[in-house]
Amino acid sequence: MAIEPILTARGLVKRYGRVTALDHADFDLYPGEILAVIGDNGAGKSSLIKAISGAVRPDEGEIRMEGKPIQFSSPMEARKAGIETVYQNLALSPALSIADNMFLGREIRSPGFMGKFLRKLDHGAMEKVARAKLSELGLMTIQNINQAVETLSGGQRQGVAVARAAAFGSKVIILDEPTAALGVKESRRVLELISDVRSRGIPIVLISHNMPHVFEVADRIHIHRLGKRLTVINPKDYSMSDAVALMTGAKTVDAEAVPA
Amino acid sequence: MAIEPILTARGLVKRYGRVTALDHADFDLYPGEILAVIGDNGAGKSSLIKAISGAVRPDEGEIRMEGKPIQFSSPMEARKAGIETVYQNLALSPALSIADNMFLGREIRSPGFMGKFLRKLDHGAMEKVARAKLSELGLMTIQNINQAVETLSGGQRQGVAVARAAAFGSKVIILDEPTAALGVKESRRVLELISDVRSRGIPIVLISHNMPHVFEVADRIHIHRLGKRLTVINPKDYSMSDAVALMTGAKTVDAEAVPA
Amino acid sequence: MSEPTAAAPHHDYEKVLKDSATEVASFDRDDKSAVQRFRQFLHSSPSAVSLIVLVASLIVFGILLGGKFFNAFSLTLILQQVAITGIVGAAQTLVIITAGIDLSVGAIMVLSSVVMGQLVFRYGLPVEIAIPCGFAVGALCGFLNGFLIARMKLPPFIVTLGMWQIVLASNFLYSANETIRAQEIETTAPLLQLLGHNFRLGGAVFTYGVIAMVLLVALLWYVLNQTAWGRHLYAVGDDPEAAELSGVNVKRMLVSVYVLSGLICALAGWASIGRNGSVSPTIGQFANIESITAVVIGGISLFGGRGSILGMVFGALIVGVFSFGLRMLGTDVQWTYLLIGVLIIVAVAVDQWIRKAAG
Amino acid sequence: MSEPTAAAPHHDYEKVLKDSATEVASFDRDDKSAVQRFRQFLHSSPSAVSLIVLVASLIVFGILLGGKFFNAFSLTLILQQVAITGIVGAAQTLVIITAGIDLSVGAIMVLSSVVMGQLVFRYGLPVEIAIPCGFAVGALCGFLNGFLIARMKLPPFIVTLGMWQIVLASNFLYSANETIRAQEIETTAPLLQLLGHNFRLGGAVFTYGVIAMVLLVALLWYVLNQTAWGRHLYAVGDDPEAAELSGVNVKRMLVSVYVLSGLICALAGWASIGRNGSVSPTIGQFANIESITAVVIGGISLFGGRGSILGMVFGALIVGVFSFGLRMLGTDVQWTYLLIGVLIIVAVAVDQWIRKAAG
Amino acid sequence: APASAADVSACLITKTDTNPFFVKMKEGASAKAKELGVSLKSYAGKIDGDSESQVAAIETCIADGAKGILITASDTKGIVPNLKKARDAGLLVIALDTPLEPIDAADMTFATDNLLAGKLIGQWAKETLGDKAKDAKVAFLDLTPSQPSVDILRDQGFMMGFGIDPKNPNKIGDEDDKRIVGHDVTNGNEEGGRTAMENLLQKDPTINVVHTINEPAAAGAYEALKAVGREKDVLIVSVDGGCPGVKNVAEGVIGATSQQYPLQMAALGIEAIKKFSDTGEKPKPTAGKDFFDTGVTLVTDKPVSAIKSIDTKAGLGKCWG
């Protein structure tokens, strides 16, 4: 294959006490694609993307971005490298405002002396950008960008998290079950957003238990089982039944499925 | 209609500071049925069942069980009245064992003097019952019934919570999004369990955002919108599209739908 | 109403599930080293660490000091010295298991003992009435704590910080700073000194105060582990919301635990009359810090829901052995404080290590 | 690789969504009573409550005591009396915003001041070097706290409880309990007393210590509200895991906040030399309780993530006004303690009421 | 012109308001103040050693326009500059019980001679033991780890009286006399006295003389001795002369105590302030000393010929608390 993967991982191992969450897992993400990751509860999907995004440090294994080995020691470093992640537990600070949350860790400083030497923040600029991003994505009708996140409904919070990722992810966007708690309407909006982002050329990793959603948007499906990548399938070549059978161990992989 | 509802609520109001979560909501549950409750995020579904199960006290409104007005001041009272609830946030104590969790608030005491006067617990009996219930429901393969709940995976925890409700619910079982975090396989097991329980004649309230699941198991569907019951439909008479259109406000109720 | 039908899965793909595998995605590694197995043993028995430290410190001081330290009399003397801390520590343990903290224990203890004494000597009440009144005062203070914490949902740290000052000030105002002498108590109301009486078994000397501490801890151990109330206490400390939704009356539990704490503090106040002979309004100034120290060294989590009351006793004994041993060695008292400080930090660090590794 | 296709919803029912309504299920009630609106105002400005209480207590004591209380000299005297609590309270505020607590503030303060003094008088170092060394000692103690809390993940309460004892014992061992007299300092190293010097504006007397407190609080207010570090501090206290995942280096934040707390305590130590004139190893015994009291009365949440440093200053001033006013009235000191205890509980109760009602 | 009586106000600042010694001092001052028509306000530290509260109290007195301050300082060196402010503001500053360092930082000191108090009980113990004093085993129950000056004076005074070389008389613990079993701290209360006695008894069970910093500590020590059945053959000596203490002497709990007179100190202090405000005259020290000695008397029912003492009946007549 001619195209180089933008992100690869080989032989990732992560142990939590007695549990091995990742057991020599591999991973590949190609430019511009939507890669879905599916698997049973506890298969290690979240652990995998946490390892990739610097939220946990794998015990073994190697991660490469655009061919170069990388070793993120914190989510901030992954973020600086252009990887934005929406974690399963959202990762928003309840008491901070929407704007503060969107810019946490990458605040805009005031121009000139105040910003440079007194490190003053430019609240106005951040609010403007946050508002623009949110309405650009058409995701919600929030009146007050300075509202604390804790005053938002679950769906609105999810929206803020996804909007943050979409706004700042320059290389890769990772979404871990972004629609699990969402209603029908809200889920649909997130799926539309995912298509939107992909059309801007940014590859997306989507973890989901919702097969119809996965088969609707994914270019390739990474099937995770018992802490490792079982195989990668092309949704055009396989049925949902096949995917579910593979992921739950009802069927075993006969031949190495070729990445699409 | 000849059959009396087992549980009714009229004009429930619940306010949280500035937010009105329930705005004169009504509710009816008939014996032996599976009633699905659907609605947007923040529509007030969880608030509704919390009011019914005694977890929150409604500001206004009346609840009747088998025709008699009731006013639960704690979940324990509802439980004693035979209403078992699996809350959206699970409500298990992480550091306690599976058996302890299943019997929390209704422990079995030792027979004879020790139990009567020294209030000694009969750990053996509780473990036996817990093991029996879990395997009877065929829900999981847990080796050690004395394992702390925090060492279980999300799916296994969900299973314990559902098993607890199924084991002790004598009048009504309420499930708030029991499959939201579950994988394909795990969700299916919960659905099977729901059918099982219904076949024992116990009515079930199921909150879910998963339309196929709702239409698969529900006898009637309560559509909740903006804090009140919009209508109740029979899944045989309406399509999923109709239900979603009603619940999201894309369509309005033309005539009062007759409860099935 | 429609008859229940055996529902068929809406999605075709769900039909394949009947063949799905049944393993679970968690692996027990077999290659456990001895260290790991030891860690897991420690993890499963939370008071083992403090017991080991206690035995180790006994051995070290035994070697350093020889027979002077390692005899029945000295060892039971340490028991006498920690009895009051042990009693107060039991109260503190209950509160800390609910994820609370009680800074007012020392104040409640001294006020209760002062009330017992003053009722006899100022108002001439019979001692058989005065002692229950002291307990009632302890229970009342505890009830106030519990009411503010459970009903008004105020943080325990702040409530008991406020109560500490209020109760202590009341104590000084009420007692007018008067000490009641041991000899007067002995003649008029010897029952007040009951817990100070002792008996001998060979070289060993046990006071009734020590016996009271041991019985109290045994009783609470039973209650915590063998009764529903005990299980509920852990559940409340673990996650109060979950406990409430699971059918535990969290408010009643919290009120009852603070009342019980107040009662136990009153017991400690009574025991302190026995130990000191006299009734003095200036005792118990460090009871809160000492009891928290015992709890912490005993491996009981300040976040609630975890820990054994036996650990608290071992914690109190460790501090007692250190203080006694270091004084026998003739070190400056400040070194004792310094070492206890180090011990506190090491104890939680070890605890953290065990927990992290055993997962 | 397949070309991205405009995906179509798998489920038919999702097609109807394009028509769905756009209201949100939350209603702002219009029928707000005056009380509710007042509550909401208080909710949105967390330090307003303590400011109101402060003004009210000034008025009450002004009426009770008249001109003796309500003059520039007395009012600035209160400022002088709370300056050190205010400085230590600033350190405590930072720590408490991260959902921590620092029980070792007083110990660090006294050790820093003793080091400043002993370096000059025992080792003969120039005072210009001794003062920075005192600050370095404060920072080092803070670093130890921060390291244990951030890197080893130990609970702040226990770490600082242990450090309190360790630092205090070190202080007594190091200083050999010696006080350095004011006269000696005045002749040899007047710079140590710098923060005690004062200037007058009419009847008002301001010490440099007061000025230092005001500047420190203003600076921290700016840092907390106008810089990324400040925003991160709130985020860490709010939910450390969320902050970490959102790209805040939580460990570095925690270490830096405890180091900063240590530095501020050293400043308080320097200020205390100015205020007392001498260097004494027995100062600051209540600094932890006093600073926590100021923070609590100032409406800063012990659970972290919420509160304004201005509230802490108001809290310290309220305690100062009460203590001074009651002293001037000639009430028994114990009544002051009792009242402050009540004040602490009332302050959190009011806070809780506002929060609950305003939602 | 002399101020009218109603204008005269005074402050009493004690180390704590929980120790009976200071409580009595306050009572004495209040009674005298009432008698002379002086308005008195009393302040105290939270615990012994809490100098900050005392500083705040001094400032309040200045702001309040008091004529004089009576103080038992917690930090005898540290408080000096603050008292200088008071004197500069025209207040009469009198140290009660505890001399300041330097002693002339106060206008006058009304105090017990603590060194003498220690010497008296030391001498009494030596005389009572007679020949056995040569191989006595002495335990010292001191106040706090920080060795405040009263602690040093009484402890070292006892040694001088008993015939032990105190080495550096400004430091406890540098002695090498074989008869000293050890020093331990009591915080001056029963609780500490008992534990300290228990510890020292373990070090050497043959202890037969106990020096205690005050009578509560002595009562605690007695409980510890009683627990091992040695209360009859150990000599406990103490300092203070509070009523409970004197009763304990009468009942044989304590062998002898050096009685001091806080009521008198306070009353004299109030008188001095009144006089100062009326006439501007400051009080004079006792001849041959740099402070006004309010006296110390040995109270015991087993007098020895070499030392002047009063019996407990007389002691009870003069006692406080």
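Chains: A, B, C, D and E, in written order; residue numbering restarts at 1 for each.
Simple rule for what comes next: a residue touches a chain if its C-beta (ideal position, glycine included) is under 8 Å from a C-beta of that chain, and two chains touch if they have at least 3 such contacts.
Quantities reported herein were computed from a predicted structural model and do not represent experimental measurements.
Student: If you check the contacts of chain C and chain E, which chains show up for both?
Tutor: Both-contact set = D.
Student: Can we say the copies chain A and chain B touch using the same residue numbers, with more than half in common, or are the two sides different?
Tutor: Shared-number fraction above one half, so same.
Student: Average the CA atoms of each chain to get its centre, and name the chain whose centre is farthest from that of chain D.
Tutor: B
Student: Among the chains, which is located farthest from chain C on the basis of C-alpha centroids?
Tutor: Chain centre farthest from chain C's centre: A.
Student: Using Cα averages as centroids, what's the distance between chain B and chain E in whole Å?
Tutor: Comparing mean C-alpha positions, chain E is 73 Å from chain B.
Student: Taking each chain's centre as its mean C-alpha position, how far apart are chain A and chain C in Å?
Tutor: Centres of chain A and chain C (C-alpha means) sit 46 Å apart.
Student: Determine the centre-to-centre distance between chain A and chain D, using the mean Cα coordinates as centres, and give it in whole Å.
Tutor: Once rounded, the distance between the two centres reads 39 Å.
Student: Among the residues of chain E, which are close enough to touch at least two other chains?
Tutor: 17, 47, 145
Student: Which chain B residues sit where two or more other chains touch them?
Tutor: In chain B, the residues touching two or more other chains are 40, 42-43, 153, 184-185, 211-212, 244, 248.
Student: Enumerate the residues of chain C that touch no fewer than two other chains.
Tutor: Within chain C, the residues that touch at least two other chains are 11, 13-14, 17, 20, 24-26, 172, 332, 334, 356, 359.
Student: Spell out all pairs of chains that touch, sorted by label.
Tutor: Those chain pairs which touch are A-B, A-C, A-D, B-C, B-D, C-D, C-E, D-E.
Student: Within the complex, which stretch of chain C touches chain A?
Tutor: 11-21, 23-29, 356-359
Student: Mind listing the chain E positions that touch chain C in their complex?
Tutor: 17-20, 23, 47, 145, 182, 184-185, 187, 189-191, 194-195, 198-199, 202-203, 216, 219-220, 222-223, 226-228, 244, 247-248, 251, 253, 321
Student: Which positions of chain A touch chain C when the two form their complex?
Tutor: 15-20, 23, 40, 42-44, 211-212, 225-227, 239-241, 243-245, 248-251
Student: Write out the stretch or stretches of chain A touching chain B in their complex.
Tutor: 39-43, 153-155, 177, 180-187, 209, 211, 244, 247-248
Student: Which residues of chain A touch chain D in the complex?
Tutor: For this pair, the touching residues of chain A are 3, 30, 32-34, 55, 74-76, 79, 85, 87, 89-96, 100-101, 104-107, 109, 118-121, 141, 153, 156, 184-185, 188, 191, 195, 198-199, 212-213, 215-217, 219, 234, 236, 260.
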